[in-house]
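Each of the two complexes below includes chain A, the first together with chain B, the second together with chain C.
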Partner chain A sequence: MFDSNMWRRSLNAGCPCVFRLTGIWGSRAARQCSAPAFPASRITALQALELWKRIFEEKGVSEPRHSSQYIVAHLLGSKTIEGLEPGRLLEFLTPEETERMWKLCTIRLSRMPVQYVLEEWDFRDVTLKMKPPVFIPRPETEELVELVLGDLRMKSGNGDDPCTCLEVGCGSGAISLSLLTSLPQLTAIALDQSLHAVDLTRQNALQLGLQDRLQTYHIDVMKDAETVLSVCSHVSVLVSNPPYLFSEDLASLEPEILRFEDHSALDGGKDGLEVIRQILTLAPKILSNHGRVYLEVDPRHPPLIEQWVEANVEGLRYVETQHDISGRPRFCILQTDKSRDHKLDLD
Partner chain B sequence: MCIVKAGKKSQFDLPVLNEDELVEQFVRGSGPGGQATNKTSNCVVLKHIPTGITVKCHQTRSLDTNRKRAREIMREKVDIACKGEKSDILVKKKESVLKKQEKRRNANKNLEKKRRFKEELAAESKLGNNTIQND
Partner chain C sequence: MLNAMAHRIALNLLPRGKDCVNNMLRFNFPSSTNVLQPLQFHERSHNYCSRTTRTLHTGAQLMLAKLLSLDELFTRRSMQDHLKKIESEYTECLNVVNSSVTEKQWSQDKLQAKRTKVSQMTPLIQVIQELDLKQKEMEETEMLMKDEDSALRELAELERDRYLQDIQDLRKKISNLLVPVDKVDLSDLVVEVTAGVGGQEAMLFTAEVFDMYQGFAQHNGWSFDILEQTTTELGGLRHASACISGPQSYMRMKFEGGVHRVQRVPKTEKNSRMHTSTMTVAVLPQPTEISFTINPKDLKIVTMRASGAGGQHVNTTDSAVRIVHLPSGIAVECQQERSQLKNKEKAMKSLRAKLYSIKLEEETSKRNNQRKIQVPEADRKRSGLTTSLKIG
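Then we have the complex of A and B:
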């Protein structure tokens, strides 16, 4: 389709992806990306899409077609290709659009996740700013929010006082901000041990006009349990997508995750339960009576968590396990039950 | 056979879809999923078994939103398939088409009236000394 005449000039010196990459991953990724030549004559959006799809395929970049499609759509002001006007793809790109396409796709060549390349992504009905190394929300977590919403809607339907929910490990703020958007009466507290995450959550809250209903704190739940307890008490809901991967599984993650996302948002220790155990230990002290905990976990975790809580956490009982759309056990729901606090029993 | 159940409506009185009659397909892969994966493909393909209708939705970058929208679209399509011309969706569509036609006719009428008025004014001013002023 393209003859050699189109490749008359190549991108100028310096890979554009260098200024986009952060921290320890920067230099290694920069060496790996090589920019294909900029087209000399005009091309249509569709031609650019197809061309870069082929380049991604050749270079072994995952999801070559989707990567190319999302970048083109974003360039043309749409979230997805399907959202474009019919025929839009057959129009020629302006020189500025072509340059931007080349710039964004070159960055994708370094295996940077599409969400970081576009600096934004959607989570349920909100669009959030994305920035490495802050953890990118996964589709499964949208279902976690649905579970929490289902229960909170029932509560508010009973005319109870407005609720507060606490999120541990907020990342970009996806869970809290999505809940706040769906429930006008809700207020939320969000914590993260990463300052990058806290900053990004605050930015997203501002962008969505939710900053007055969300308090964010830079706290490490593993190290500063006392601080956690001092800033939250009597919350109705504790929700978390805590790091739950097994340490030994990290090495086999795809480059998009391994090179660009914060490992401390992923690593749950030897059995993946380190942070989860800490959260569940604190839960009865943070939640009001009959308050609930909603966790996203590894599919191997639910029975382990149920056993562990039964043996180790007074005043917290395991309610149920819910599955994700792939049919994997993914969500654990627990509830405080202060009447079961055996410490109050007389011997 | 098309069984239409009454239920929670959108703006129309659409049938409630039974999840057991729907088969959903989306690319999430056979890997562990969750934090271990970062896949961006979240196109939803939904099939309604009794009617065989298939809906594809990739309007947004949120899987959850695409799933909800696919179901909304499916409800409309199933309604049309079951009720035909009587489906509220088609009825409303026809009404809005007729309204637009009516609007256009009225607009043309008004333009015609204005044109004639101007012509009459022009004719009168030629005949005599008229002091009618235009606003």
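Then we have the complex of A and C:
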């Protein structure tokens, strides 16, 4: 049986360690049940942080320090450890806080992403609810939103009518809701083939008070092209972070992604371009003239996309490739140009 | 602070009065350290500090060269003339404003301009008039000091001393009011605190000072946006920086810059010995986008997403951003936020403030070189410690 004296002694010695449950549960169970039992006496936030950091390290959980830090910070009401008042970490945790810490960290042990453990995460200026298996927004996508914003702000500066933007594959609603927050005049339409995603986007919209400016639809752009066209009118921006991984790359993903995130939000087919091609095919029919498409893609994609569009899509021209913060080609910008339908005339 | 004021008056009046340059400024570089100006120790009120119960004595900046003292400044003919000029300008404006009610000679715009001028000048004029009054009263008292009655002489002496103090205070006020507004005064600022000498105690002191600035900002209705904060395990602060934004914020914070020292018995001290520790405050004006741009090509930005394919391939929660300004080598880091973009924005704010500060210093020293005047750098940068301070 677990010895609480052992626990207290080791804490006093200042070196927390992992405990194995022995006795009636046996040594086989010990390898499976890796969570330490609840501490018998009070510990400080810092001690809990350090303890769990070591446990995560031992168990091979990715980002052990950050995982522990974010959970502790969240517990204490801050978004980050750095945001806590100096000295806050030295205070003892209440029994409720300790219990919650243990619960959250044990979940993290199963390799569930921190964002799902905390059930929230930040994206630009908004905090969004996160729920498996809905895809967790990546930092690169924040830059995609910046690109769209830059262009839209210029447009509204020219005194044009308020715009509508369409997001294909909205996930948690990050892109649409972030755009709506930054541009009070914008309205948005968001689609996703996953009902979980549509539900979560609606929840987040409600939470942010943006539900009146956002329409959400449960539509699969691959199968239901007609429905897509019927719900969209006067769209001047099409933005998407579509699944763009190559199918063969899925196997090498971290457990956090593989086990918990929706694979259909990641898998772009053999060359990663299946969904992208469909979106670009529909774009000229959805967008008003000179409307733009903004895509986040795999670094290998931009030249392939440019070639393919040139050869296969009437009325859509490739504008430029933008790079992400790490210098990788990451964003493709295209524009509808309905005067380019010359292929039909020449004979 | 006193010397900084006199120094600024001197520099600002230079372009206007040709006679000012040679008459007003006189710099003696001390051959020995005995000629150092006395330090001004000002008590920090602990109204803004929620936790500390001890009063802190903090040291002001150290000027290494001798500038005119307040007395010397006010006995100068040029100063007296300047004050008289201000008074006559005020009277003229006042006459225009009052007479126009009956005569209607002036246009609305001109009238408005005069009215604004009057209201702007009123505080200064009031203090100047008060000063004149006090000086007259002091002269009368000095007459009494020659009286035969010793008791009366004593009283007169006490009175005279009090007048001297009042006159000094009024002169300080006038000095403050004479200095024209620097365009930099209208900007926001970044305040940086760094623990100095004294180990844990210095870091606790740094945390208290930062907390105090936060309270001060709140008290004034300014925003206080923490850009970076490195805490220590024992509750102290190694360094931190925050962007403060609000009316007159830079103007009111700018003299906080410098080395601050505290002498007290630390919480951690077992034998009740007095310790001295220091921390440094830097106040950097925050330029607007238009007035100061940084070329993105000069920047190297590093994040945890740098290796591998990034994007959908990876889910990291480490959103720290590090920016290096290649030409100058200045690096800033931020991990205050969960959003990588927000961390980048905060790091950029920090970087802009630092680079702008350097640019301003360059401009100031260029200006001073042109005037063939050597100005000690303690004014803007963090100054050195006093010679009387025991370190370590």
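Just so it is clear, the second predicted complex is superposed on the first by the 309 of 347 C-alpha atoms of A that agree within 3 Å, B and C clash if a C-alpha of one lies under 4 Å from a C-alpha of the other, contacts with A are read in each partner's own complex, and residues count from 1 in each chain.
Note that a residue touches a chain if its C-beta (ideal position, glycine included) is under 8 Å from a C-beta of that chain, and two chains touch if they have at least 3 such contacts.
Owing to the predicted nature of the structure, the values given are computational and were not obtained by experimental measurement.
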On chain A, do chain B and chain C fit together or clash when superposed?
clash
Just chain B (first), just chain C (second), both, or neither: which does A:L46 touch?
second
Let me test your reading of the model: by the given contact rule, A:E140 touches which partner, first (chain B), second (chain C), both or neither?
both
Looking at the overlay, what does A:G87 touch: chain B (first), chain C (second), both, or neither?
second
Is A:R54 contacted by the first partner chain B, the second partner chain C, both or neither?
neither
A:R202 in the overlay: touching chain B, chain C, both, or neither? Say first, second, both or neither.
neither
Check the residue A:R328 against both partner chains and state whether it touches chain B (first), chain C (second), both, or neither.
both
After the overlay on chain A, which stretch of chain C ends up in the same space as chain B: 42-50, 168-176, 204-212 or 330-338?
330-338
Between chain B and chain C, which residues of chain A are contacted by each of them?
63, 66-67, 70, 79-80, 82-83, 113-115, 121-125, 136, 138-140, 142-143, 146, 241, 243-245, 249, 253-254, 256-257, 261, 265-266, 296, 298-299, 324-326, 328, 330
What residues on chain C touch chain A, complex-wise?
207, 226, 228-237, 301, 303, 305-306, 309-319, 321, 335-342, 344
Within their complex, chain B touches chain A through residues 24, 26, 28, 32-42, 57-65, 67
Help me check something: in the complex, which residues belonging to chain A touch chain B?
63, 66-67, 70, 79-83, 113-115, 121-125, 135-136, 138-140, 142-143, 146, 241, 243-245, 249, 253-254, 256-257, 261, 265-266, 296, 298-299, 324-326, 328, 330
In the complex, chain A residues that touch chain C:
46, 63, 66-67, 70, 79-80, 82-84, 86-87, 89-90, 113-115, 121-125, 136, 138-140, 142-143, 146, 241, 243-245, 249, 253-254, 256-257, 261, 265-266, 296, 298-299, 324-326, 328, 330
